[in-house]
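The two complexes that follow have chain A in common; it is paired with chain B in the first and with chain C in the second.
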Partner chain A sequence: MKDHSTTEDDSNLLVIVIDTNPFEWEHSSAPIKLNDALQHILTFMNAHLAGRHDNKLAVIASHVGVSQFLYPTLNDHILGSTQQTEKDANVYQNFKVVNDAVLSGIRGLLEDHRPTLEEKDLGSSKIAASLSLGLCYINQALKLDGMGHVKPRILVLTVSPDSSSDYIPIMNCIFSAQKANIPIDVCKIWGEDAVFLQQAAHITEGIYMRPSDPAGLLQVLMFSFLPDMFSRNYLYLPGQDQVDFRAACFCHKKIVDIGYVCSVCLSIFCSFSPVCSTCRTKFAFQPLLSQARRLGARTAASNPGSPKTSTPGTPVGTPTNLTSSATMAISTPSQ
Partner chain B sequence: MSSMWDAGETITTQAPTQFRKRLGTLFLTSKRLAWVPQGGLAPTVSVLNSDIKNLFVNAEGSAKVMIKIVEVKPDTSHSFIFTSSSALAERDVFKDGISGILATRQALANASGASAGSAAGSSPSSVASPTMSDASAPGTPRIGAGSAPGGMRRGLNGSGPSAEMKLRFALLKQNKDLAMLHKDLVMGKHVSEEEFWETRKHLLRNQAVMDHQQKGQSSAWLDLKPETGESNDVKYVMTPQVIHSVCQQYPSIKKAYDTWVPGTLSEAEFWKRYFQSRFFHRSRSGRGANEPDDDIFDQALAEDENETRAPPKRIKLDHINKLVDLSTTEEDHLESYTSPDSTMAAGKTKESKEAMPLIRRFNRYAQRVLDSTVGPPKKTSAGPEPFNMSGVERAIVMEDLQEQKEASKIVLDIQDTRRYFESQGGDTKSSKIAEGQNPGDILKHFYRDFISNEVVLDKPFHIPGGTFDALMKNVKVNRAKMMPPQDGSQLLPPALYQEALSCHATGNEILRHFWASTGADKEAKHARMVESLNKIRDENIKSLMIQASSLGANCHDAMKMMLKPMQGAIHKALKHAETARPRPMARKLPA
Partner chain C sequence: MSKFQTSIHEYLETLPLQTFNRLYQKPATCLAVFRLLPPLGKQIIMSSLYVDPPIAVSDMKLWFKGSAGEIKHTEAMQRLKALHIFEEVRGKYAMNATFLEQFRNALTGGGNSQSFGLATSTPDKYHVDIHFLDDYATKQWEAILHFMVGTTEGRPPCKGVLNLLGRSGLMTGGADNGGGGGDQMDARDFASQMARQDFGVPKITHKGFQFLLQDINTQVWAFLLQYLNMAESLNMDLVEVLTFFFQLGSLELGKDYSSENLTPTQTHLLEDLKAYGIVYQRKRGSRRYYPTRLATTLTSGTPVMLGSHTNATKIAAAAAAKKAEEEEEDDHGFIVLETNYRIYAYTDSPLQIAVLNLFVHLRDRFPNMVTGVVTRDSIRRALSKGITADQIITYLTAHAHAQMRKHSPILPLTVVDQIRLWEIEKNRLRPVPSWLYSQFSRQQDFESTLEYASELDVVLWSNQKRRMLCITAEGHTAVGAYVRKLISRHKELQAQQAQQSSPHTHHSPHVSSVAS
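And then the complex of A and B:
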C-alpha cells in the first residue's frame, strides 16, 4: 500500500479542523478545558511548521452554527505583515503569527454570545461545513501549486457527538476527499466514537484515534498525526480500522439481516411498505416474499406471481439481501 | 436386494413407477438408471449414466406424470410413469439428478474436448482441472443442440428451453470455479439445478448476449495464398467464405460468376480460369502480360479498371431544399477565394495516378463490407422538399445539434436526512444542554472562562504515563496485521486448503439460498437448506478438522481459523431456523 506519488521533498499542507463547540467544552463532564487543549494543539501546529521550511498550515474552527478560518485569515491576505502583533524575542515569528491568529480567532468566535442556533440541531458542531472549507482551501492550494509538490491532509480534532442532520453533507465531503486522495485524520478527544468521522478516516485511508486520556493529547497528536504522507509509507502508526458497517432499519433502528431497500433513496426497512417513508416514493407492486402480504401491506388482487413487471419510469424496489447482512449471514474466509 | 447392484454403487433415489404397463421401481444410482419390476430380482431396464442422452418430462397437470429417457443408442428410449401419490415430487428428484449428470458430463466434455459420452460422471474429479484451451472442436456433439423435436421441450423444468441449457453448459465450461461449485452443490444434492442457476441469471443473460452477438464480416483485404504441393503444383482452396470475399472485392467477378455459372461453366472450371487469368495475376503481383487471353475475365478486368479509374459518382443532391442549396446560386459568387478540391481527382499528378485507383478500390470495398453489415445508407427523403419554411427548417436542422430531451426522472425528495444517521446505529444525540439551562448563558460563561485563563504555551506538559503505552500497544496490533499471515494458505497442504476453500464456497451458496427462502411459501426449500447446512457442519467441516488435526496443532489451528466464520454463519442460520419455525413470521408483526 505504498503511495509512490509522495517524496521526501513534498511540502505538506495540513488543514486542522478544531471543534470549538462550547456546549461540549463547557459541559461538566468535559475532562479537559479548551485552554489546556489549545496548548497541546498549538504546540502540535508549531511542530508541523518546524518539520520543513515549506510546510503549510490552515486552521478552521468548527463552532456551533458557524464555521470559519482561524488561519490564514482574510486579513492576512489583504494586510500582509501589517497585521502582525508585537514581536516576542523568545518565540519564532512564524509560530507566533499562527498562535496569535488561532487564539484571537477563537476569542472572536466566543465573543458572539448568540451564534445562530438552528432549532433542529441545537448545539451541534459544524463539522461538515468545516470539511467543505478545508477541501476548498486544499483545492485552491493544489491549483496554485501546479507542480504536484503540495501534499494535503486534513486533521479533525473533535469533541462533539455526530450531528444527525449532518449525515449527507459529511458523506459528500468524505467522498470528495476520497476522490481527491486527501486523507482525513480524526482525533475524537473524548466521549463516544464519532461514527461518521470514523467512516471518513476509514474511507479516505486516514487515521482515527480516540485517546485513552485527553490529558496526553500532545503525545497522541505528535505520535499519530505528525508524520507526513511520505513517512507514512514506512511507519507503523496507531489508529483503529474497525468500522461498524452493519445496517439498521430506518423504522425501528434494529440491525437487520434481511431488509427492503428503497431503490430511490436507499432507505432500509425491515418490512415491505408500499410507500417509502423517507422519500415518499410509491411502489406499484407486491414484494416476492409472502410475509409482507401477511403483514397486510396491501392485499390487492394483483397476481403475486408476477410482481416484477413495472412500467419504465416507476421505481423498482426489490427485496434485497443487504450487503451488510453478508457480513453476518455470509462470512468471508479469514485469511 | 443389494446383490443386484455393483460394488460401490449407491442408490441416489428411487420411486414406484409403471413401465410398459408393469409396476415396478425406478432407481437412480451412482452409475445408472435402472428399473426393477415388482417382485423382480434384477433390473430389466438398465441405462448407464454415460448412455443417457436426454430426458423429457410431460407438462405438469397432465393426467400421467411421465419421464422419458433417451439413450445415446439411436432410437432407444424408455418412458416411466410415476405412480405414487407424490409422483410429481419424485419425478422432480429424478429430473434434477439426471439433468445434473448431463450437465456435468457436458461440462467435462466441453472442457476436455473429448466427445460426450466417453467422459461420464464416473470421473468427476477431473472437473477440477479442465484445460481451458478452447478445444470445443466443431465435431463435439452437443447434447440436444437444436435437435429437440418440435413442440416438445427439453426436460429440466418444462419451461427451460434447450437454449438456456446450452448457456449453462457454456458457462460451466468457461468458469472453472463455477464448475467446481456446481459439482459440489448440485451433485452433492444441496441445491437443485434450477436453484443453482436462479441466483446466476445475470451470468446466463451475459452469456446469451455474447452468444447472440453476430460477428460481422471481416473487413480485411483478402489475400489468396496458394498451398504449394509436393510436386510443385499450386493449389488454391476456395471456401464459401473466400468466394464471398472475392465477390465482395470485385463486383465484376461476381457479375461474371452470376452470368456464366453454372450454365456455361462449372464452378470449379470458373475458378480455375480465374486463377489463370490476367485479372487474378494483375491484382496479385502486377504481372499479367504472360497470361493467356480469356474473354470472360478480360472483360471483368476491363470493367474493374473502369470502375476504379472513374471518379466516384457525385452524391445526388436533389433532395436538398432549393432554398438552402448554395450551389443553385453559384454563379452569383464567381469571385471566390476558394477552389475545388482536386487532391482526390485521378490523373492530375503522378502520385495520384498510381494511388487513386487503389484508394478507391479500398474505399469501395470498405463501403460494401459496411453495407453488407448494416445495410445500405438510408435515403433521407423520397422527393424534393416543398418550397416553404417548414421544409427549410427540416433541411437546416441537424439532429445532432438538438438539445437532448431529459428523460423524466424521479426527484429525490428526502423528508428527513437524519434518518440516515440513525440507521448507522446512532441515536439522535446532539450536544447535551441541561434542562432549563439557557444556551446563551453557557456561551457567556464559556467566553469568560476562556479569556480569564490565557493559553500559556511555555508551561510544562503533564502527559499521563499510560498514554505512550496505549499508543505502542495500538501500533503493535497494527503491525501484526501487516505481517504476512500465518494462516491456512501457508500452513495447510494445498489440496486441503483448496478443499477448505471449496467447502466455504459451498457453504456460502447454501447460506444464500437459506436466507432467500425464509418466506412462508418456500418452506420446503428452507427445510432442505437447513438439512444441507447441518450436513456441511456435521460432515464437511468435521472431516476437514480431522484431516487438519492429523497434520499437527498448527494446521489444526489454521483450519479452525479458516472455518470459524463459516461455522458462526451456519450457527446463526440454524438458530434462526429454530426460532422461526413454529409460526414463521408471527413475531415480526409490528407492535
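And then the complex of A and C:
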C-alpha cells in the first residue's frame, strides 16, 4: 500500500468474505471440500486474532441469494461482546467464540432449505452484497474508533465464477473501497480467474491469488494474506502481472471485449442504442460499423426516442463528432 | 542502570534454552511470547508454521523488500533467535520443535494442556461481576501506589508487597527488614513515617519515582519481573511462575477459574498476586479465582516502551472505551498545561495529586481539580529525586486533557523546552574519573602524546601552554604505556647525550570537573 502512515501499533480489522455457494463446493470437480477448507480458514482467522489482542475480525458468508454476517452475529455488539459459550481449557477463549460462531452460522445457512431463490440466482453467490456489508461494517468500526489506529482490509475467498449481473454493484464497492483506502484481497480458491475481483484487488492495491494447489490453502493464506498493512511495506507479496480489465455491459450484463461507451456518462453497452439508458443522452447519428448500424436501425425503429425526435437542447453539442468516441473500443491487454 | 527494568522481553532473553523448552510446552505461553514479537517476527513464524522442511537463510531473505525490509528482517530474526524460537542450522532456519507443535495447538485448539485456564464446573454462589473486579483491582493497586507516595489514604499493603518494594529498590528502609514480629505494626509505622514529608527522609527511591510515572501495564510488569527475580531466590520454579503469568494473560475477565489443578508453587503465587490486585479470591483457599483487568491485559501486546507510551494509551483507550474502565478514566486525560506554566488537573484522586506534587508547585485545590505552576524550583526538586525531564514530559503528554490533544504538539513548546533547560542547567558539572598528565619537559613530547591520545579519543581536556592533558580512566593504560616508551627512549638518549630532562607523569587519579 502507498499508505505510509501505518505503524507497528495499529490494530487490524479484517473482514473475511467466504463464498459458501454449495453448488460450487459440492461440485464433483471441487479439489477441496468445504469442511476441509473451513478448517484452514478457521486456523487462518485464529492466526489473525493471535497477532494482536486488539485485532478485529468480521466474517461474512456470501451464500446463494443471501449474504449474511457469521461473526459478529447480529445480536452481538458491533465490537464483539462475547456470547456465552462453553469454556474449554485447551482453547484460547477468543478463538473459540469466533470459530463456534462461524461454524454454526455456516451450518445454519447450509441447512436452510427454503429455496426462495430465483432462477437467475442459481450458481452465483452474492459477492457484491457481501462487499457492501463489509464496507459498511468497516465504516462503522472506523467511526467508533475515531483515533485512526484501526487499519481495515477485506479478504474475499471465492469459488464461484463471476456473475456478470453483479458488475455495477461490485465496481461501486471497489471504488468506495479505493476511496476509503481499504485494500481488497482476493483468493480465488480454484477455477477460472474472477475478472471483477481481480480488478478489485488491482484497483485497491490488494493481493489477488489463485493458488496452484487448493489443498494447501492454509499455507497460501498464512503466507500471502496474513501480513498486515505495516508488514506489507517490507515484504514481497504476490502481485498480478496481467489483469483482465474486461467489463460487463450495462444493457445485457454480458462481459464484453469491445463495446460502446456513452460519451457523457461512460456507461458501457454491447450494442448501439440511440439513447443512453443511464443518462438519457440522445445520439443523433449512426455508428460507422455496419453491424452496429444494423443494430442501431433496429433499435431506432422499435424505440420511440429515436434521433429524429431529439430536441435541439440535448447535452451533446455536436453529435456527429462523437462517432469516434461512441464506438471507442474497450481494449484488453490480454485475456 | 537507573532505568527501571520493565520489559518482559529483556528478561526472557536472558533465560537459557532449557527453560524455554519447558516454557514452550504450554500453548498459552507460546501465544503470549508470540504476541511480544515485532510484526515481521510474527509474520515469519506464521509463514513458516506450516512449512515442514527448514527454510534456507537465503530463501527467507528473498521475502523481504528493499533495504528497509532487510533491516526489519535482521531485527526480527535476532529476537526470534534470542527467544530460541528459530535456530540457524547449516544455513537453514529451523523452528524450535516444541514451540512449533504447541503453537499449532494454540491456533487449532488441539492438545490437552489445559493451559488456557480450567473453568470451574459449578456456578459460584458468590459470583462477582466485572465492575466489582475493576474496583477491587483499582483498590489494591492504588493502595500500593498510595503507600509509595506516602498519602495516608487506605491501609498499608501487606508484608509481601512491602518486601517486594524493598527488594526491587523502589523504596528503601523499613520494607526490607520485614522479618521481625508484628508485620502489620511495622507497616503502619513505616507508612506514618512516609506521611510526614517534612522529615524529608527519602524513603521512596528515584527508581520509585520513575515507577510512579509509568502507565499501569508497565508498572504491573515491573512488579512481576521483580517477583520473578525474587522467585529464583525463594527456590520457586521459574517456569511455573512464568507459565502462570502468561496463562493469566489469556484468561477472560469476569469469569471464574478453578484453582484445583494448580501446582503448589502456583497456589502460593495466587496468594501473592491477590495482594497486588491481579487476581481476586473470595477467601483464602477458595477453589476458584477471578482474574482482574490487570491480569487479562498483561499480554495485551501494547508496547511497554516509554517512547510509544502515548500511542499505547490511546489504543488502550480505544479498546477499553466500551468498557468504561474507571481506573483508566482517572488515569488519563485530565491535565491542562498552559504556555504560562500554569497547570490545571481535573482530578480528585489523592494519588494523582501526589504524583503531580512531585514536580508541580500546587496552588489551589477544588472539589474536582487542582491548579498549580511549574516552576524552576518545583522541577529542580523533582530532578534532585532522580526524575528526568523526559519522564515528566512523557507523563504530562500521556495524561494530557482531551482539549490539549487537539493541538500539535500536545504540550506547549515553551514549557517543554524550559523543563529540558532546567535539567541541563542542573547537569552542568559532570564528574569523570581521569588521569592528569603534566610536567612534560619538551613541547614535542607533549604534542606527540596529545596526538596519540586524541587518535584514541580519550582526551578530556588539554592545554598547550602549560603542557597538561587529561585522559579518561579507560585511556590511561594505552597512553601511560606510550609515555613510558617516550621516557625510556629519552633515557637512552640521555645515556648517549648525557642530557637530563624527561617528561614526568603524574600518576594519581583525579576527579576533574569538565564543563559539558
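Annotations for the structure displayed:
To be clear about the criterion, the second predicted complex is superposed on the first by the 240 of 335 C-alpha atoms of A that agree within 3 Å, B and C clash if a C-alpha of one lies under 4 Å from a C-alpha of the other, contacts with A are read in each partner's own complex, and residues count from 1 in each chain.
Rule of thumb we're sticking to: a residue touches a chain if its C-beta (ideal position, glycine included) is under 8 Å from a C-beta of that chain, and two chains touch if they have at least 3 such contacts.
Just so we're clear, the structure is a prediction, and the values are computed from it rather than from any experiment.
In the overlay built on the shared chain, the residue A:Leu218 is in contact with chain B and with chain C.
In the superposition on chain A, contact of A:Pro238 is made with chain B only, not with chain C. Once the two complexes are laid over each other on the shared chain, residue contacts for A:Asp9 go to chain C alone; chain B is not touched. In the superposition on chain A, no contact is made by A:Gln140 with either chain B or chain C.
Once the two complexes are overlaid on the shared chain, A:Thr43 sits against chain B and chain C alike. Note on chain A: of its two partners chain C and chain B, the one contacting more of its residues is B.
In the overlay built on the shared chain, the residue A:Lys253 is in contact with chain B alone; chain C does not reach it.
In the superposition on chain A, A:Glu24 contacts chain B only, with no contact to chain C.
Shared interface residues of chain A, touching chain B in one complex and chain C in the other, are 43, 90-91, 99, 218-219, 223, 236. The residues of chain A lying in touch with chain C in their complex are 7-9, 11, 43, 46-47, 50-54, 77, 79, 82, 87-93, 95-96, 99, 145-147, 149-150, 218-219, 222-223, 226-228, 230-231, 233-236. Only residues 27-28, 31, 34-35, 38-40, 42-43, 46-47, 49-51, 62-66, 68-69, 72-73, 105-119, 250-252, 255, 297, 299-303, 308, 311-312, 314-315, 317-319, 322 of chain C touch chain A when the two sit together in their complex. Contacts from chain B toward chain A in the complex involve residues 408, 410, 412-426, 428-433, 439-440, 442-447, 449-451, 453-459, 461-464, 466-468, 470-471, 474-475, 478-479, 482, 485, 487-489, 500-501, 504, 508, 511-512, 514-516, 518-521, 561-562, 564-566, 568-569, 572-573, 576, 584-585, 588-590.
Against chain B, the residues of chain A that register as touching in their complex are 21-27, 33-35, 38-40, 42-43, 64, 90-91, 99, 103, 106-107, 110-111, 113-115, 117, 121-125, 160-168, 195-196, 211-213, 215-216, 218-220, 223-224, 236-241, 244, 246-250, 253, 255, 257-258, 264-265, 267-268, 270-271, 277-281, 288-291, 294-295, 313, 315, 321, 325, 328-335.
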